[in-house]
Amino acid sequence: MKVIREWKTMLIPYEQAVEELKVKFKAIRNQYRELSEYSPIEFVTGRVKKISSIIEKAERSNIDLDRIEEEMEDIAGIRVMCQFIDDIYRVVDLIHERSGKDFEVLYEKDYIKMQKESGYKSYHIIVKYPVHTALGTKKILCEFQIRTLAMNFWATIEHSLSYKYKSQIPDNIKERLRNSAIAATKLDEEMTEISKEVINAQLMFEEKSNT
Amino acid sequence: MKVIREWKTMLIPYEQAVEELKVKFKAIRNQYRELSEYSPIEFVTGRVKKISSIIEKAERSNIDLDRIEEEMEDIAGIRVMCQFIDDIYRVVDLIHERSGKDFEVLYEKDYIKMQKESGYKSYHIIVKYPVHTALGTKKILCEFQIRTLAMNFWATIEHSLSYKYKSQIPDNIKERLRNSAIAATKLDEEMTEISKEVINAQLMFEEKSNT
Amino acid sequence: MKVIREWKTMLIPYEQAVEELKVKFKAIRNQYRELSEYSPIEFVTGRVKKISSIIEKAERSNIDLDRIEEEMEDIAGIRVMCQFIDDIYRVVDLIHERSGKDFEVLYEKDYIKMQKESGYKSYHIIVKYPVHTALGTKKILCEFQIRTLAMNFWATIEHSLSYKYKSQIPDNIKERLRNSAIAATKLDEEMTEISKEVINAQLMFEEKSNT
Amino acid sequence: MKVIREWKTMLIPYEQAVEELKVKFKAIRNQYRELSEYSPIEFVTGRVKKISSIIEKAERSNIDLDRIEEEMEDIAGIRVMCQFIDDIYRVVDLIHERSGKDFEVLYEKDYIKMQKESGYKSYHIIVKYPVHTALGTKKILCEFQIRTLAMNFWATIEHSLSYKYKSQIPDNIKERLRNSAIAATKLDEEMTEISKEVINAQLMFEEKSNT
């Protein structure tokens, strides 16, 4: 069993990777703006999984604690939020184009075309990222989650409830969650209907703000 | 007609007020978390209106440029985002309780109970805020907009389109905007249905993260 | 004896006060720059004393734990760094001018004209600051320390050594500290000799950067 | 002659590189602290040269504007500040160890052992850094400047004066600058005398703050 100090040392490269990837993907938005082009990225967040959550997940998923770094792919996580559904696939392309450069794409799951039973939607990509720290150089796994603002709102709520009920959400709440997932999808679809209008509008708006 | 330098000097206290009010309202969220209580505030943003937008609005609203500081109430703006509709009214109460302390509430408009024809929803409160800068002390007007995440998403899109069409949005797009406003309201209502479940869940979640 | 949770609750208004005062004094620098005037403030930091340090200081200074908030004046601390010695007194004047507005000056100590035996130099001002939090309104004490960059460098080193030797620094190290205090003072005096030249130069530099 | 838009586009990868390198080197300090080891890095800043300064330097140094990216090595600049002189050489070693990993060291100049006539001291390293942006992948030059706090204070003042007098500083001010350079060196040497005492002290101090 690892002691706290060992856990903290193990997580240092993950924290560094999350910081670097946040800087790299937040910058893309500013670069599009600088070039007066529409950005498919609205905002970016990142986090390292808490030690207690790593241990819980290892138990739940039958991952040996010595194999965590090879088998748990979301210790480092980057979340990219988009305004519209189409933007998600543009971000996916951006990530593919960088594979073999500053990281390597391992595999991906499209939970938008194939949503989870709970109602969860997002596009996941797992990459291998080389990171350099005071401890030396290491390649670590990192999970990208790419989603719209409405998908993110829903997922945040669902995650709280899943935590509360230890993944045993009562049926009536599950039902309500599915209803709100439908409402979120409806909002995304209505918004996508006007997305082309909006993209040009935001571009004009940002150009003006640059002057 | 003011020259750029005069405008910039005029806006210094507004920029300072926005910075201070952001710090004050962002802190409330952290304080609730520290006390292991649910926070009605999800996040807070703020901005000072751009000079070009002030001039346009003054023309549109027939405000004399010498009377801007007394009559234009949203040069300084603070936006408070909430997870659920009920939270909005808790934030409104929080602001009322501080009236006569660090600022003074002048008046308010409930565009949630009485939404605008466009579909716009938010709760607005205008306050008078005393601010101290290298230029001396001054009382300035500031507008709070309090809204859910879904209301905010819709309003951002509508604002871009309104800018693009110079407030003359074509009828077909107006119609689509109204549909998406309905979808946003539906999402808020579904979410509010499960809000009590979620509030407790997030509390448990945050308590755990504190340890 | 307070439990951790009580300490954390007690410190919430102090943390809020430090955040607000940092925003207020950092802004002064930007305002001078915006007005193309030389700023006597180079940069600003702030901190709330750690619980363990509060307890140690209370023991060392014979302060009853129930009287900490009235008698320990540096639980909240703001540090203002200046380029030149003369700037310190301009910052002192700025603070006096605000007394009776957003805070109240209680008293002050000029450890520059009357340096401590250790070699320590800084100007200290204690103020009473009203702060509003999720817990209500409260007036707390806050200590400003105003010093040059060289005084700050020296004080940081001396503080580490004082901690290491539990305020019983060996004589030979005390002697070396006094030598480095003399070297720091010499650097400040040489810099002050050219300060008028530099103030104009930095003004030109900043004006150019604004365009 | 480039137009502003072309300049801004050219500088995008430089801005990105500076952001990434700041994140990478700031992190080293936190990692040492996490591991309860003394950090040779005190703080890190970075900047991209302003367009007007690039043009001035190109003229002064006879660099053809089409060759700027190959020949001007400080368009991207990272500054690493250390407490003590010995720390500078530890940072130099850290940078060498990463050569061939996330960047490549091209060459270096030790202006500490061989100070400039003006009194300027710093260690310079030029690296080639690969950066990925919305525009694609590119290798850019970046200059590291590694120096103590006292060297940095002096260099900042000298830079303002050099700007004011367009590199033609009058003799009497040059003389005063050399005197202050001597005072800065004296301060660094006195501090280095007690550095071993301080390194242990800061370590104890930081360990305690971690608990």
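Should a chain be cited, it is by its letter among A, B, C and D, assigned in written order, with residues numbered from 1 in that chain.
Keep in mind that, in the parts below, a contact is a pair of C-beta atoms (placed from the backbone, for glycine too) under 8 Å apart; a residue touches a chain by one contact, two chains touch by 3 or more.
It should be emphasised that the depicted structure is a prediction, and the values quoted were computed from it without experimental measurement.
The angle needed to superpose chain A on chain B by their Cα atoms is 180 degrees, rounded to the nearest 5. Where the sister copies chain B and chain C meet, the same residue numbers recur on both sides for over half of the interface positions. The greatest centre-to-centre gap from chain A, using C-alpha centroids, is found for C. Per-chain CA centroids place chain C at a distance of 27 Å from chain D.
With centres set at the average Cα position, the gap from chain A to chain D is 34 Å.
In chain B, no residue touches two or more other chains.
All chain pairs that count as touching, in label order, are A-B, A-D, B-C, C-D. Residue ranges of chain C in contact with chain D, taken from their complex: 50, 52, 83, 149-150, 153, 157, 160-161, 163-165, 173, 176-177, 179-180, 183-184, 186-187, 189-191, 193-194, 197-198, 200-202, 204-205, 208-209.
Residues 8-9, 12, 15-16, 19-20, 23-24, 27-28, 31-32, 34-35, 37, 98, 101-102, 130, 132-135, 137 of chain A touch chain D in their complex.
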